[in-house]
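Here the chain labels run A, B, C, D, E and F in written order, and each chain numbers its own residues starting at 1.
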Amino acid sequence: MFINLINPNTSVSMTDCIHQAAKSTSSPQTQLRACHPSEGVASIEGYLDELVAATGVIEQVIEGEKVGCQAHILACFGDPGLDAAREVANVPVIGIAEAAMHTASLLGHKFSIVTTLSRTLPMSEHLVHKYGMTAHCGGVSAVEIAVLELHNPESDAYQRILMACQAAIKDEQADAIVLGCAGMADLTRRLQNALGIPVIDGVSAAVGMAEMLIRCGLTTGKRHAYAAPLLKTYSGWAGNLLNRA
Amino acid sequence: MFINLINPNTSVSMTDCIHQAAKSTSSPQTQLRACHPSEGVASIEGYLDELVAATGVIEQVIEGEKVGCQAHILACFGDPGLDAAREVANVPVIGIAEAAMHTASLLGHKFSIVTTLSRTLPMSEHLVHKYGMTAHCGGVSAVEIAVLELHNPESDAYQRILMACQAAIKDEQADAIVLGCAGMADLTRRLQNALGIPVIDGVSAAVGMAEMLIRCGLTTGKRHAYAAPLLKTYSGWAGNLLNRA
Amino acid sequence: MFINLINPNTSVSMTDCIHQAAKSTSSPQTQLRACHPSEGVASIEGYLDELVAATGVIEQVIEGEKVGCQAHILACFGDPGLDAAREVANVPVIGIAEAAMHTASLLGHKFSIVTTLSRTLPMSEHLVHKYGMTAHCGGVSAVEIAVLELHNPESDAYQRILMACQAAIKDEQADAIVLGCAGMADLTRRLQNALGIPVIDGVSAAVGMAEMLIRCGLTTGKRHAYAAPLLKTYSGWAGNLLNRA
Amino acid sequence: MFINLINPNTSVSMTDCIHQAAKSTSSPQTQLRACHPSEGVASIEGYLDELVAATGVIEQVIEGEKVGCQAHILACFGDPGLDAAREVANVPVIGIAEAAMHTASLLGHKFSIVTTLSRTLPMSEHLVHKYGMTAHCGGVSAVEIAVLELHNPESDAYQRILMACQAAIKDEQADAIVLGCAGMADLTRRLQNALGIPVIDGVSAAVGMAEMLIRCGLTTGKRHAYAAPLLKTYSGWAGNLLNRA
Amino acid sequence: MFINLINPNTSVSMTDCIHQAAKSTSSPQTQLRACHPSEGVASIEGYLDELVAATGVIEQVIEGEKVGCQAHILACFGDPGLDAAREVANVPVIGIAEAAMHTASLLGHKFSIVTTLSRTLPMSEHLVHKYGMTAHCGGVSAVEIAVLELHNPESDAYQRILMACQAAIKDEQADAIVLGCAGMADLTRRLQNALGIPVIDGVSAAVGMAEMLIRCGLTTGKRHAYAAPLLKTYSGWAGNLLNRA
Amino acid sequence: MFINLINPNTSVSMTDCIHQAAKSTSSPQTQLRACHPSEGVASIEGYLDELVAATGVIEQVIEGEKVGCQAHILACFGDPGLDAAREVANVPVIGIAEAAMHTASLLGHKFSIVTTLSRTLPMSEHLVHKYGMTAHCGGVSAVEIAVLELHNPESDAYQRILMACQAAIKDEQADAIVLGCAGMADLTRRLQNALGIPVIDGVSAAVGMAEMLIRCGLTTGKRHAYAAPLLKTYSGWAGNLLNRA
């Protein structure tokens, strides 16, 4: 199985972190194409960043299909460009937010999401509703650490995430924790051991779901919502990307 | 009042159609900047088109702010790039889908949406939910005419839209009709006269709402969801657009 | 444009306050008929008060139509008698609660409502649901000041409302504030300046929306939910009002 | 037990029909005060009629309390004035629509409502949502017979209601039927026998629920939503009614 | 009227407590068959307990039908086995949780549930959703007293329940309290007197609703969801119970 | 990976069918324990059947844990006993209905469920709501073939299921089909090839999800909703099963 693991931002270290998380839980049969857009923005912390990243996601979906990937994973918790990617791709596309939330709903009555900056809370809440998880999500909270600071020891990321998880367990009766940023993937096991409840990294969950879809011979339905784009002439960045595709 | 009327696609004739609709109902005090992106796609009929258009919307929001516009209108029924535009802009931003739906909810118990191609139905349904109109929307139907064919006499657009509206009145108890494409704006009065119930063109509705916001001194709240983007370096099309802004 | 601005209670000072708010933001083309019922109750703070006020609203809708008003505004946050008024009227009818909530949803992800007495909270919550704003309303809170005490300096209304708004911003992530009583209209700008987020007075918002509807040639759909009342004989107060109409 | 059975319209024959329905199923310990407003309208088929009827309901609630009634029943399917009646009354108040819907939800997975004129469908749909029955109500349909025509043999009411019920069983998988007008009460048993599924008349259901509340010593909570009205001076019809009360 | 009052657990003292509650509020015409399963578990505080209890409920439904009971009541707040019991029974079946919630919704805008152990909160929340009470339920809280400890004076049950009710009134604006365990039935009046708002014991409410259904000649609809079980051969405990039935 | 594949009914041929489906898509690293309860009922087509099956599920969960299974799959579309199984088990438990629905939501905007007998439709609809899939499920339809008749050539199962799927694609805009019975698993590929949209067999989906959970080191959260059962003495079938466990 050949899976296209797309980091939607341009940060190399983030791509590596995501790649490590995916490798540690993927099937021995699985080969990963870890990648990020050639251009865009180094971290995604707002609607504009998401829009920029989404265009890079399309670039990497097209690249991945050229080399025979059998599934695409969007490894940013906002699932940027997911609908457009499903429309463009011939193989299944999974966002890590949806993968993490669906997984969490298999493990408990309620899950809580812990994410980076509070300015992204409305994005996560929107996805909770979109994916049907309103009744299963006890809450979303932010530790106020920027994405690129997560791996800076001075950010004290582990401790602050741990405290946010503990508050979610107590105040929101969380049965499971969803980590709301791909950059937190390396903390998953440590947090789970400390908390005693499941902690879900969407990257690993998405890889497992992609393997399941590939093994089952399933891909996106292309008759209605995600029918292939109509043939059109694009100009600007989209022309550069799509007209050659 | 100076309003930035953004056609998110690159079709000049569509920009003209939208401009006419806006002019015919706007206040005498209002000046319109009718525009479209410098690059992109000529019509928007899918998620990829929306993504391409959204990047053009940001371009025109920035241009509009430079020349002192007091509100921005996104004149495509998918409201492409609305959240990112609200984040980027300092003045209010209104999508014509949200304007039309909120207006319709003031005029009846239930409204129905009539749009172009059935491949866009899930987009409209998503907006219905996002804007809280689930209980007020009786249904969304498509006449299967592509956007750029609406003004081709051979498409018989008026008759087919009329029939779809009549079916919505009968089968979905529609008290009002929402036209699901900016390119239908020129048919609004004719349809309303034929149907005997209100027919809402989102362009006109959005202009009126923008005038209201300006008169009331209201703009987007910038403390939480739509706080200004963090200062970052973008590369690619986004760098060209945003780093110079 | 000639707009019927109905204060549903019988307090002259409240009618004046509402009139000032409407005049300060309305279009130069707009003429206002500020009025209140000939009989009823001086403030509306419960279901019984609302019922009494609703009958007065119908009286003033009928009066307004006689003199050629092109839209009616119900300037009490409970929108008393809105459905009956839409049924009776030939021109559009807008309640200030719905106007304020729809406006707020254009300006942020979540809005909070600050109102007078906690006994009216269930009324506001009911309207939030009815208008589809459940996911957009972060909460409703009361400052425990009676309507007619708002303008009594001893009530310290501004300070208490300000504190309630600050709590809503912090605890409910409010991007915008909706003032839950027409009698708070004169505090709008002062609160907005102090808070740094949009503060919405429903009276101004409703006037702007009414202007929009009039310019667009839109009125209530009269085919289903709001078809004109059947011809009947009424007795009592209703006979006095309706049989002569 | 002494129950105030209020027909909100002024039709004597309707009061008799309701009285018969209530007597046939009430407990031997129960005494009924069948009444209607002294003034108002002879049938309720719209929002204006409901408003008129609601003021008459308050009159009869006050009269019923004076003579010691232990519960009030509002015997019109729109439950007109229910919230105001709960606020005014010291003993419990039950609307027949809520009684019928709650009862139906005890008897099946889904119920369907069959009512009189389609112009009242939005009212019933609103109550379905208000009472939390959205997921349990398969649909609401109208037989297009005016309330006062139900007992006119030429209206063929039984046959047309029967056919609407049969359609609901087939198309909406109705496990139970709710009759959407107090004037249909006399057809309940005949319809139930013909259909083979439960047919619920809200009058009988409400009487039984009122008996239950009385036996359990339960009445409306008066601390928040339904706290007694504040002491105010009313003028007009409300003054005549309330100032003397 | 002959009502089958089923305590789903095997605790004799609980059966007595339930019997007392039912007798104190039932109609003089009503005869009660108080019973519990011949085998099972002494208290129900989890999903496994519920499953065990549900099989005992079926046993007692069958026994009750044999001796001519006209309605069945499941006197455990989780309503264990309710759907299966409705399928098996020929007469109506009411769970005390549904009876209590429907009753509470007649008495206020919002009710709160106070129950035993927090491990059962998700069960109660699930029932709140299933019965359509999401908007009417202000919250569910637990006093952390096991079911069989409620009547142990050392558990201080009354005081702790009282405090939880007071918190619900203050923090959740509860207009009414629903007691979330049949074993609390004996505290109902005392709590109601202390709190000054209605306190609902589901056992009494269910008996009154059963009396209503019997008087109205209503039973479960048996055409769709609750059609009688298909004739099958069961083995194991089910064979012992059902093949002989 | 060692997965406990539980057929909740006692039909050996069904266990074989499920086993084949699971083997055909599982990972080479996976070993399956295909089993069914020692006692119960041969097919599950109602609430009583589900209750009987649920007790057998618990038996097999306990057996599976004894031999070291790392996940349990409940291979009946009603997911009978899922909550109790999660409470009892130490390793994750997945129902095939939830697995199929979550999978379908990754592949399209809307899915439709095609199941056996219409008497089970309310069960499927309940699960749709419980799993948060209300907005993603276009509808549930039944082919009126009993479970044990699916493999009888005279039932014409393939043709009738195919037609139901085609109707769902046309009438409900299904992007994907969920097969609503484990006994349909052998038709999955043939249907998918004929329909041109994804067809999801919950057995295969659940196995893939179980593999994902095992690889990620995730299991049910045991702090709140699914905390281990309290230590109690059970009698009857439960005593035989649980006291020895």
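Just so we're on the same page, a contact is a pair of C-beta atoms (placed from the backbone, for glycine too) under 8 Å apart; a residue touches a chain by one contact, two chains touch by 3 or more.
By chain, UniProt protein names: A, B, C, D, E, F = Hydantoin racemase.
The structure presented is a predicted model; accordingly, all values stated were derived computationally and were not measured.
Colleague: Can you list every chain in contact with both subunit B (Hydantoin racemase) and subunit D (Hydantoin racemase)?
Modeller: C, F
Colleague: Any idea if subunit D (Hydantoin racemase) and subunit E (Hydantoin racemase) meet via the same residues, over half in common, or different ones?
Modeller: Answer same: the two copies use largely identical residue numbers here.
Colleague: Tally the contacting C-beta pairs at the A-C interface and at the E-F interface, and name the larger one.
Modeller: E-F is joined by more C-beta pairs in contact.
Colleague: If we define chain centres by averaging CA atoms, which chain lands farthest from subunit D (Hydantoin racemase)? Would you check?
Modeller: Using the mean of the C-alpha atoms as each chain's centre, the farthest one from subunit D (Hydantoin racemase) is A.
Colleague: Would you kindly give the rotation angle relating subunit D (Hydantoin racemase) to subunit F (Hydantoin racemase), two copies of one sequence, based on a CA superposition and rounded to a multiple of 5 degrees?
Modeller: Between subunit D (Hydantoin racemase) and subunit F (Hydantoin racemase) the superposing rotation measures out at 120 degrees.
Colleague: Could you tell me the distance, in whole angstrom, between the mean C-alpha positions of subunit C (Hydantoin racemase) and subunit F (Hydantoin racemase)?
Modeller: 52
Colleague: Please report how many Å separate the Cα centroid of subunit C (Hydantoin racemase) from that of subunit E (Hydantoin racemase), as a whole number.
Modeller: Between these chains, centre-to-centre, one finds 44 Å.
Colleague: With centres defined as the mean C-alpha position, give me the subunit C (Hydantoin racemase)-subunit D (Hydantoin racemase) separation in Å.
Modeller: It comes to 30 Å between the two C-alpha centres.
Colleague: Can you pull out the residues of subunit C (Hydantoin racemase) that are in contact with at least two other chains?
Modeller: Answer for subunit C (Hydantoin racemase), listing residues that touch two or more other chains: 109-110, 118, 121-122, 129, 135, 173, 224-226.
Colleague: So with touch defined the way it is at the top, what topology do the chains form here? Options are line, ring, star, complete, other.
Modeller: Chain contacts: none of line, ring, star or complete; other.
Colleague: Pairwise, which chains touch?
Modeller: Final set of chain pairs in contact is A-B, A-C, A-E, A-F, B-C, B-D, B-F, C-D, C-E, D-E, D-F, E-F.
Colleague: Which residues of subunit C (Hydantoin racemase) touch subunit B (Hydantoin racemase) once you look at their complex with the stated criterion?
Modeller: 25-29, 92, 94, 98, 102-103, 105-110, 131-136, 169, 173-176, 189, 192, 196-198, 200-201, 204-205, 207-209, 211-213, 215-226
Colleague: Can you list the residues on subunit B (Hydantoin racemase) that touch subunit A (Hydantoin racemase) in the complex?
Modeller: My answer: residues 10, 37-43, 45-52, 54-56, 58, 81, 83-84, 86-88, 118-119, 121-122, 126, 129-130, 146, 224-227, 229-230, 232-239, 242.
Colleague: For a test of understanding, state which residues of subunit B (Hydantoin racemase) touch subunit F (Hydantoin racemase) in their complex under the given definition.
Modeller: Within the complex, subunit B (Hydantoin racemase) touches subunit F (Hydantoin racemase) at residues 118, 121-122, 125, 129.
Colleague: Which stretch or stretches of subunit A (Hydantoin racemase) touch subunit E (Hydantoin racemase) in the complex?
Modeller: So the residues of subunit A (Hydantoin racemase) touching subunit E (Hydantoin racemase) come out as 109-110, 135, 173.
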